[in-house]
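The same chain A turns up in both complexes below, where it pairs with chain B and then with chain C.
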Partner chain A sequence: MGNFILGRLLQAVLTLFVVSLFIFLLVRLTGDPKQVLLPIEASIEQYAQLEKALGLDDPLPEQYVRWVGKMLVGDFGTSSSRQIAVSQLLRERFPNTLMLAGSGFFLAIAVGLPLGVLSAAHRGRGTDVSARVFAILGQSMPSFWLGIMLLMLFPVRLGVLPAGGKSGWTSIILPAVTLGWFSTASLLRLTRSTMMETLSSDYVKLARIKGLSERTVIWKHAFKNAALPVLTLASLLLFGLITGTIIAETVFAWPGMGSLVLSAVVNRDFVVVQALVIVISAMYIFGNLTVDILYAFLNPRIRYG
Partner chain B sequence: MLLEVKNLRVQFDTLMGLSSPVDGISFSLEKGETLGIVGESGCGKSMSASAILRLVPPPGRIVDGEVLLDGTDLLKASAANMRQVRGHYMSMVLQDPVASLNPVFPIGNQVAEAVTVSQRLRRRSLKEKVIELLQRVRIPSAENRIYEYPHQMSGGMRQRVAGAISFASNDLKVLIADEPTTALDVTVQAQYLDLLKELQADVGFGLIFISHDIGAVAELCDKVSVMYAGKIVETGPTRTIINHPRHPYTKALLDCLPRLNEVKRLEPIGGEPPNPFAFPPGCRFAPRCPRATELCHTQYPDFVQIDENHDAACWYANES
Partner chain C sequence: MAEIAAPRGADWVEPPAGSPAVPSRRWWLRRPPIIPTLPMIMIGIIFFAAIFASVIAPFSPTKNHLFDSFTAPWGWEGGSSTYILGTDFLGRDIFSRIIHGARISLTIAGLVILIGASVGTLVGIVAGYFGGLLDSILMRIADLVLGIPLILVAIVLVTVTGASVGNIIFIVSAFVWPRYARIIRSETLSLREQDFVMLARVAGISSRRIMLRHILPNVVSTLIVLCTLQVGQVVLLESALSFLGVGIPPPKPSWGIMVADGRTNLTSGWWISLTPGLAIVVLVVSFNLVGDWLRDRLDPRLQRY
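For the complex of A and B:
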């Protein structure tokens, strides 16, 4: 198990290295930041000056090494359009996005999983029917529409819960529901179907033959097997939630990264784009690593494969 | 009488209609006795086994009958009592050894779980008991293998582990083996059957051996019930059934078997088993029976007693 984790860790670091190369090159291939930053009538000297100031006149390998070296000590450069340190921008915005995505994910796990299991265990009965209605609603409502409907119902009509911004813990409820309902529904449905499959398997039958209680049969024998595909989906959903916060952030004026990414791309603020993309990539890669390790923990066939 | 099954009926209410894969079967089993249940795939053998343990999968239900274990009707027992019965007195070996062990737990763990249902043991003695059970089913170097996962073992070994789980209880009374050797190759099959016999002699449980392999049944069983389309059509001592079958279906089954000491053409049974959603009104074998008459097609035959222990449900059982 130790070797397995170490191997995957090295793999992750290697992936991150390759990704950083790609980001570095792509940002330099897709447009010239100087043209956005300087007025059209700027002179060639001004261009050269700016190039020097941004360090763009150095050879590419040197630029790359400098970029990575600075990042390793927490220096992500300075935003050219906002004139503040990117690390500060990240510090302000990133925790908010993470918190929102995390709440959406928590909602999906805390509601989707148990409801999916119950739904499979009580197939065809009341619990099952209501869980499925809940899931179908979640999967068929577009999140911008859901967000607006929630806004109209709770803050506007009923006068409860804040309508937007970030103020106290109640302000996260509506954006989190907007963001998380879809994931909750997907997780619920997948959990239900994989649980139905494992519940009709021979090893579950044998567990019942042993005389084990229904709770042990469902949560130990069936669920641990059903957990594998569910875990895969959960990790995919988590990544989707991190990048998918833009809509919820917009509807509820949540001070996250969504708007930041957009404006940085439009303004060719390559320092910010570079930084955000590498941070998000790192999250993906280490998120995947965590999932791989969890997988091996749950599934002996991977551990010894 | 150890186990008595009376008029057991299982019904499935599905979108395609009502179906009774087990349609009023009765049989009995004494202590230490072995009963074989034979029939084609889909005749209701396995469903009968599940029904005896009250493990019919939904949407199936047991709608009628009695399952008396030492005189107590299990169909009237509470769910908790039924779990106790499964943990202590009745158990079952499933057909597919690969599928019947849980892939994500070490096998020692899975055997231990079965032990703890019927016995309170400390960690240390629990481990000893698990190793002892595995040794009893002839698993070599059992003390090392308890940490292995099912995928690390061969099919035969897994079947043995499943076996060890089935007789984990000290007071096992009835063991149902549902085609335990179908998934194994022939040499392993023979070993496994020997093992079953030996354990039965040791423990003295009643064994219900379900199989479509009349050869294996002949070797192992004291008496045989032949099942067709949800009903038992003939019951009797193994020798009698094999040498003097009275029901045309039993005869047909035996004609499919190759014999060592004679050279003859194997006769497959013509036609197909009836659709379980539309059983024929009369004898269910009539559409495939070479001797069927008008009577056979319209009325279901009652059991005809041929000998003290030999019954056949055929209008013409007493002829020939």
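For the complex of A and C:
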């Protein structure tokens, strides 16, 4: 187990290294980094200042180590469009993104799992058919379009629920649904297929023969065993949630890190873009690591695979 | 596609009730099954529209009719039969833009899958056939790429180098190939141990020829299923990137951009994002349904993907 964790940890660090190297080299090799890092209207003094701060004349490895070193101690530079430290922006935005991603995740678990189980238990009947339609739609609807349609229906047409921003607990409903539907759908489909496999196994038959109630058979005996493969989906869910927060935040002007990245792209505020990309990537990569370790912990076969 | 006979090997899974396993005589009297007939017809229509876009579309997709901007769809108040689906804020005909958008979406999806599937299959077969160190290195690279959140890489790349069709094809292909590599590798691993490959090796056939003539033909059905299932995902990813402004550069009529155009004019033109989004949904649902159906027929073990 120790070796497995160590190996996966090394791989996570390596992945983060590749991402940071990609960003670093992209800025320095595709032209003048000063032009990328500074806004168009920057003064000559700002150019000189930046050149000194980055040490652009030093060899590339030295520059890279300095850049990473600064980020490790929490110095991400200063936003050129907002004139405040990026680390402060991060502190403001991070909890909001976490809250939104958490709600999306909660929605997926709270709706996807039980619907998947019910769908398998009532195979071919009304519940199953409607759950599958719900899932197919969820996997095929672009979330940005879903968000806009919700926006048009609720705040614009019906005048209920806030249209954007963060104000009171109702403002999270629409972004969370936009974000969570896709993950809910994937979770539902996987739960359904693993449940169906489990329900046709011998020990479930035995439990039925013993005369246990259908509810006990499904939830106590079958569901517990079907839940493990569902964990494999967690990393995919994570990907959907990361990509999804960027979109949901943009559509609903939710003040999180995703909408910050996009507005920084529009303002050509590259310092903010690169800092956020590194931070979100790190979250994603270490989230994946946690899922892998958790899965290996629960399923010993993986560790020696 | 319907002529491809399902392999009846050891892993043959009885098709769910309702799908005819044995074609009865007098097939012309039977009602064709809704799935996959209906989605296949939809895919046919979309392909037809994409190929003959310049003939079918009544207007040029980029021509502005500023006097007719915000015309509602035909049948609604203020609508006219000139612009069946209405016009956007520049007076561009939405129907023509959707048809040309189909061309763009399908071209990009086709190219991405061609590149991703070729690279992934090559890597997967080579890694699985030779094994050892080469296998470890190639699979670590694939895992590494899968661990990178590509939407963020797309954002950085586009901020630095600007939006272009080349960029989006590169980014999305990079996202796609490791999936092929992983699955094809595991198929190759089991094929390698089979007698016909062993015998070919004993007969002195070169490794290259074995991979090309003996292994590749045996993974074709898996490839067909994977490619079909990937179309929807690639279209969703491309439209999401275009929606965020880091995909296809405007004024090209991408469905993602069209939905984004409608977002800023929600109160004055609800139809602007509605129909392009529906086009995405129809395309993705159709490919997903056909993909699921093909998977059940050709490769039931692929369940999890």
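Here is the rule we go by: the second predicted complex is superposed on the first by the 212 of 305 C-alpha atoms of A that agree within 3 Å, B and C clash if a C-alpha of one lies under 4 Å from a C-alpha of the other, contacts with A are read in each partner's own complex, and residues count from 1 in each chain.
The rule we apply is simple: a residue touches a chain if its C-beta (ideal position, glycine included) is under 8 Å from a C-beta of that chain, and two chains touch if they have at least 3 such contacts.
Bear in mind the structure is a predicted one, so any value in this text is a computation, not a measurement.
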- Using the superposition on chain A described above, determine whether A:S201 touches chain B (first), chain C (second), both, or neither. first
- Partner chain in contact with A:H221 - chain B first, chain C second, else both or neither: first
- Item | First, second, both or neither for A:N299, with chain B first and chain C second | first
- Have a look and say if chain B or chain C is in touch with more residues of chain A. C
- Please work out whether A:I209 is in contact with chain B alone, chain C alone, both, or neither, and reply first, second, both or neither. first
- Name the residues of chain A shared by its contacts with chain B and its contacts with chain C. 124
- Note on the structure: The chain A residues in contact with chain C across the complex are 11-12, 14-15, 18-19, 22-23, 26-27, 30, 36, 124, 136-137, 139-145, 148-149, 151-152, 156, 190, 193, 229, 232, 239, 242-243, 246-247, 250-251, 261-262, 265-266, 268, 270, 273-274, 277, 280-281, 284-285, 288
- Message: Quick check on the complex: what are the chain C residues that touch chain A?
- Response: 17, 140, 143-144, 147-149, 151-153, 155-161, 232, 236, 239-240, 243-246, 256, 259-260, 262-263, 266-267, 270, 273-274, 276-277, 280-281, 284-285, 288-289, 303-304
- Task: Could you pull out which chain A residues touch chain B in their complex?
- Result: 123-124, 200-203, 205-214, 221, 224-225, 298-301, 304
- chain B residues within the chain A interface of the complex: 50, 53, 55, 57-59, 79, 83-88, 91-92, 94-96, 99-106, 113-114, 117-118, 149, 151-152, 162, 165-166, 168
